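Note that the chains take the letters A, B, C and D in the order they are written out, and that residue 1 is the start of every chain.
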Amino acid sequence: MSGNSFGKLFTVTTFGESHGPALGCIVDGCPPGIELSEADLQQDLDRRKPGTSRHTTQRREPDQVRILSGVFEGKTTGTAIGLLIENTDQRSKDYSNIAETFRPAHADYVYTHKYGFRDYRGGGRSSARETAMRVAAGGIAKKFLEAKGIQVRGYLSQLGPVAINNENFDWDQIDQNPFFSPDAAAVSEMETYMDALRKEGNSVGAKISVVAQGVPVGLGEPIFDRIDADLAHALMSINAVKGVEIGDGFDVVSQKGTEHRDEMFPDGFGSNHAGGILGGITTGQDVVAHIALKPTSSLRLPGQSIDVHGNPIEVVTKGRHDPCVGIRATPIAEAMMAIVLMDHYLRNRAQNADVDCATPII
Amino acid sequence: MSGNSFGKLFTVTTFGESHGPALGCIVDGCPPGIELSEADLQQDLDRRKPGTSRHTTQRREPDQVRILSGVFEGKTTGTAIGLLIENTDQRSKDYSNIAETFRPAHADYVYTHKYGFRDYRGGGRSSARETAMRVAAGGIAKKFLEAKGIQVRGYLSQLGPVAINNENFDWDQIDQNPFFSPDAAAVSEMETYMDALRKEGNSVGAKISVVAQGVPVGLGEPIFDRIDADLAHALMSINAVKGVEIGDGFDVVSQKGTEHRDEMFPDGFGSNHAGGILGGITTGQDVVAHIALKPTSSLRLPGQSIDVHGNPIEVVTKGRHDPCVGIRATPIAEAMMAIVLMDHYLRNRAQNADVDCATPII
Amino acid sequence: MSGNSFGKLFTVTTFGESHGPALGCIVDGCPPGIELSEADLQQDLDRRKPGTSRHTTQRREPDQVRILSGVFEGKTTGTAIGLLIENTDQRSKDYSNIAETFRPAHADYVYTHKYGFRDYRGGGRSSARETAMRVAAGGIAKKFLEAKGIQVRGYLSQLGPVAINNENFDWDQIDQNPFFSPDAAAVSEMETYMDALRKEGNSVGAKISVVAQGVPVGLGEPIFDRIDADLAHALMSINAVKGVEIGDGFDVVSQKGTEHRDEMFPDGFGSNHAGGILGGITTGQDVVAHIALKPTSSLRLPGQSIDVHGNPIEVVTKGRHDPCVGIRATPIAEAMMAIVLMDHYLRNRAQNADVDCATPII
Amino acid sequence: MSGNSFGKLFTVTTFGESHGPALGCIVDGCPPGIELSEADLQQDLDRRKPGTSRHTTQRREPDQVRILSGVFEGKTTGTAIGLLIENTDQRSKDYSNIAETFRPAHADYVYTHKYGFRDYRGGGRSSARETAMRVAAGGIAKKFLEAKGIQVRGYLSQLGPVAINNENFDWDQIDQNPFFSPDAAAVSEMETYMDALRKEGNSVGAKISVVAQGVPVGLGEPIFDRIDADLAHALMSINAVKGVEIGDGFDVVSQKGTEHRDEMFPDGFGSNHAGGILGGITTGQDVVAHIALKPTSSLRLPGQSIDVHGNPIEVVTKGRHDPCVGIRATPIAEAMMAIVLMDHYLRNRAQNADVDCATPII
């Protein structure tokens, strides 16, 4: 496969370009009998959609999703679920000027050499607009997981230099501000930073965290399909992501064994440095992952580049862009983690439905 | 699949437990006509094998690999390659005492709940011993890539608190010391640190870096099978890995767009913050990845845990263990990157063999 | 995956029910630079679509396909191709009466037990209407193959008791009659037979043959992905198919080795009993397959069955149905063979692009 | 993947050549806790192994299988099961004479052009010797299925011109004669036919049937992974198979709907023309499949062919061969059906474990 599918038993396959007529996806492997409506999916799509604050791109897309199959009388049928979102606000003219140029840090150059030519309208298939379908598909996974008592939530843990203060952490704050920040106190600082950044015409990176609660012991397969390996795959596949951490992540480099190991007691684990995963399998603790997103490449500030003929040029990107792609990435990261968890939930019961373990779960 | 396979076109499937009769793997999808001998694979197996210095486990395993199929008259035939390594130094008695206990930070607890019981001999399938087969399979990928002018090499960039100094970086040093350190000056400090650590009975984490040179433009598929996503999957699937970075990794969080973007000039890129990957596709620059490995969980220092009946116990792990699993991880990380690159090399030519790009490659 | 995808490198994933709003599919893995328009795909869709003669269902569906992605400026981009066909003539009322009954020889009973309930509108996902998307996807494969000199064509070889006479075989006749018969002389007999059958309210089976010409030597993989095995999978997955033959098929049971073996001469093979495939790999001869399609299950003639409560009932199927589903199956069988050939064409060049064989091809 | 794997959740991957040091396979996805010993697998291996009667090849292979992983204290652990069979009786000299020739109806010619050269020892990877590993893997599936009340058995239904008489059908006879014939009365006729054939130096085809009993309703996925499509794939992938039928197979071509449809009654189906599969999903009736195997290509009777330089030659195959490969195919066909059923059993419970159907099963 050419890589437009993800998941072994719960499989999401997407299509669509930034400026084509529509985006779509097929969700294959969803169990039957799950109550599902377009409204269920719209919720997260609205959290991701552009133009909800001055800090994101001003492109106006309602991102209204339609369910075209796989749902009958309000319930999933167990057959393929087709989803469609029409593109409404393309403004191709914004992009015509870059048809013959390679923007630094964009996929323009690699797409051109890989495929011989490229759809230059808004980045074509390389645009993060594709992630709308991941959010829609992830909504289905969230519905399934919630019925199993599993909740997946994400938040912005750092915006450029502005990190949240964990002492102020409050899940309820996340959807109360345009940054998905769980720290209400950090929001005004983020506002100020972003306003200055926008004036400057520059962009900045961000760090997003995702947490799954209520995960049972035993999800994930040894060796190559460890659930942390699949999470790394899923999260690194999000546009602009350059790093993935599970639990303590890169802090483990300087940790000693006595410091890192999560001791076990009859009433549970004493800590969660492992991020809820040991040997690639969930421990029953919260599954915790962090991702690093690079700054948007499309800048008003001129940069050196070349055109398709190899001539040096100076690139200034006009059009409408997110000064920090990380801001809108929270629902996308949640969706990818939900898809991985659901896929492994199904895989685990395929193989281990008959398992009856005498050992008490802590 | 239950996750013992990796790779879509160049597929590696492994089997074997730490203390079973043998480890093995099947390499499927290797092109025909490649000169291949057991000696080619033994080279990296010897770099990974235990007991080569006082800083790794004293278990003695020659890790002698046998090619059982897929090679005829010294050349690969294009059919499945079967590889086998017999286990020689098991010493099961070392482990008998932990049959009924869960060691903190080990997979004991999750395996028991996932499968109903577990092979407690040396960690069974969860042991890093399995990675010997990845190194063998990676050796085949390296052979193929070398013929295409692609070289994959790794090194230790940090051992616990001791980081290398990039000003002393020298590829030739890596195999001259027991740590795979490219910084000769850092070695004595590492020796001292490890000797103290061993006396203390503790363990420590490490950071490994892997670099591929000579990679052509265009490897990797958009969306879910981005080559960075597959690298993240492959590297996170290595035992003890808790974090993966591509290029600048988590540094991008606080970088501005002007700082991060790699400008392009007629004679090439001006920098490589992206780690040789844009939009999930190789740029032709060096592909750079870093991984964080947690400290070994098996310690002589007592830790709180529970037994299979849920009773509190104090665990002291005897037997032979690596005080820093990161040390031997360098050849494993190289192998996984080589497997990913070869897989995408084949995938790319499947889809794009007819592509003729008019644009000059910088 | 739950089975809505087919193909390893050229992957087709479909969605949609008989009476849902639309049918769709995603074609993943199509090489870039192939000229492709909706008209290219409409051609075969029109050959398959209902209501083109009195011998097929009178449901009126234009089956107008839209390309939603993956094509830019008239050429495939190498990214996912999204296809959509809106359903226009559903008439759900025709089916309301069977919501609580199981029709003999239909999937009603198995869907209900597998999924707990079913979309009873026109058979939902089990309807052969889904095959419209296969034909559309197959059209893309045909375009690719034609550029490589490979042509895939099918025909009706037997309709109930009426077999074609191979002495009258003429490829040009196939699209000149409503039966895809290559034997013009047999058409009037088929007309008469079908008219009587329709009056009787009964249905009948059929045999379809598919031939690929211009296939190079070497397509197909040994062992499980033999190209004949993939063809058998692809063809048996077509609604109503109960048998698949390659070359001489079941005639080989009573053949002797001297009779069956295709002798080889410097200027080529002396015969083609093997149907162009040896050891699961193409020989360069015509690839020949035959399939058997069962009679339509929906009949006006009453049959014994049960309702969802297990009570005995008599079923009479009203609504609009094909008295011989085999008639419209020819373009579907062509599409499936084209998809298999394209998939293996890509797989073969992925692994064997470097192969340079000194041996002359006969 | 290059096709050495089969099955999505219960995955079998094999390696090994006719005259290499060993054959092996990895069985991935087997649930834990199943009692499994080498003796369990040896049973069917002994039914398939050569040299058990004068009617099969006189090559002497004990086909002793070793379990190298995935089983601990007599039970499967849920991890990869590694199996190995050493080749003992190679006699490579028998084949040296054909290194430069292409035997008619063999894979010699296609392997050479696909891969550039070939392992000519006993057919290398194209030898049916590979199927020994399928039988071993199938033995694991049979063990799992038996615990679920599912039994898979095969038999020879026709040997060349000699068909069995169903009135004499007796399951208990099958292992009482060298042909796997359920009709004791036909055995002497088969003996006579085979003796004459062997004298003549010729070979003949055969028809094998496989039946699964106790199969629950609901195994199989709609669309491409219909269980009949997977069975067709699995059975057609067996060496020498040229045709696959489900239920009535090619007889359906001339059947009318009223004749073919299996009517349903409160106490069950009235017939089983469908072979236990509707819409690609099991009905709860016996699953019935038939395969056609071509005559062995290796004959003592001279045939026209070419050498690797394209020169005309006359080929006489010496060495030891089965005059009817069909005879030993029965356990292989059983193994492949068992693997497909187990794979779909696991897939079905992954997706539908929560399904609770109110409708009574007939």
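Just so we're on the same page, a contact is a pair of C-beta atoms (placed from the backbone, for glycine too) under 8 Å apart; a residue touches a chain by one contact, two chains touch by 3 or more.
By chain, UniProt protein names: A, B, C, D = Chorismate synthase.
Just so it is clear, the model here is predicted, and its values are computed rather than measured.
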Shared chain contacts [chain B and chain D, defined touch]: A, C
C-D or B-C, whichever has more C-beta pairs in contact: C-D
Separation of mean Cα positions, chain D and chain C [Å, integer]: 26
Inter-chain centre distance, chain A versus chain C - centres from mean C-alpha coordinates, in Å: 38
Intercentroid distance (Cα basis), chain C paired with chain B, Å: 45
Chain B residues counted as touching two or more neighbouring chains: 1-5, 8-9, 14, 29-30, 32-33, 78-80, 114-117, 125, 222-223, 347, 351-352, 355
Chain B-facing residues of chain C, complex: 8-9, 29-33, 78-80, 222-223, 346-347, 349-355
In the complex with chain D, residue positions of chain C that touch it: 1-6, 8, 14, 102, 104-107, 109-117, 125-126, 130, 158, 160-161, 197, 202-207, 217-218, 220-226, 228-237, 239, 241-266, 270, 273-275, 278-283, 292-297, 299, 301, 303-306, 308-312, 347-348, 351-352, 355-362
Chain D residues within the chain B interface of the complex: 1-5, 7-9, 11, 13-17, 20-26, 28-30, 32-33, 66, 68-70, 72, 75, 77-82, 84, 114-119, 121, 124-125
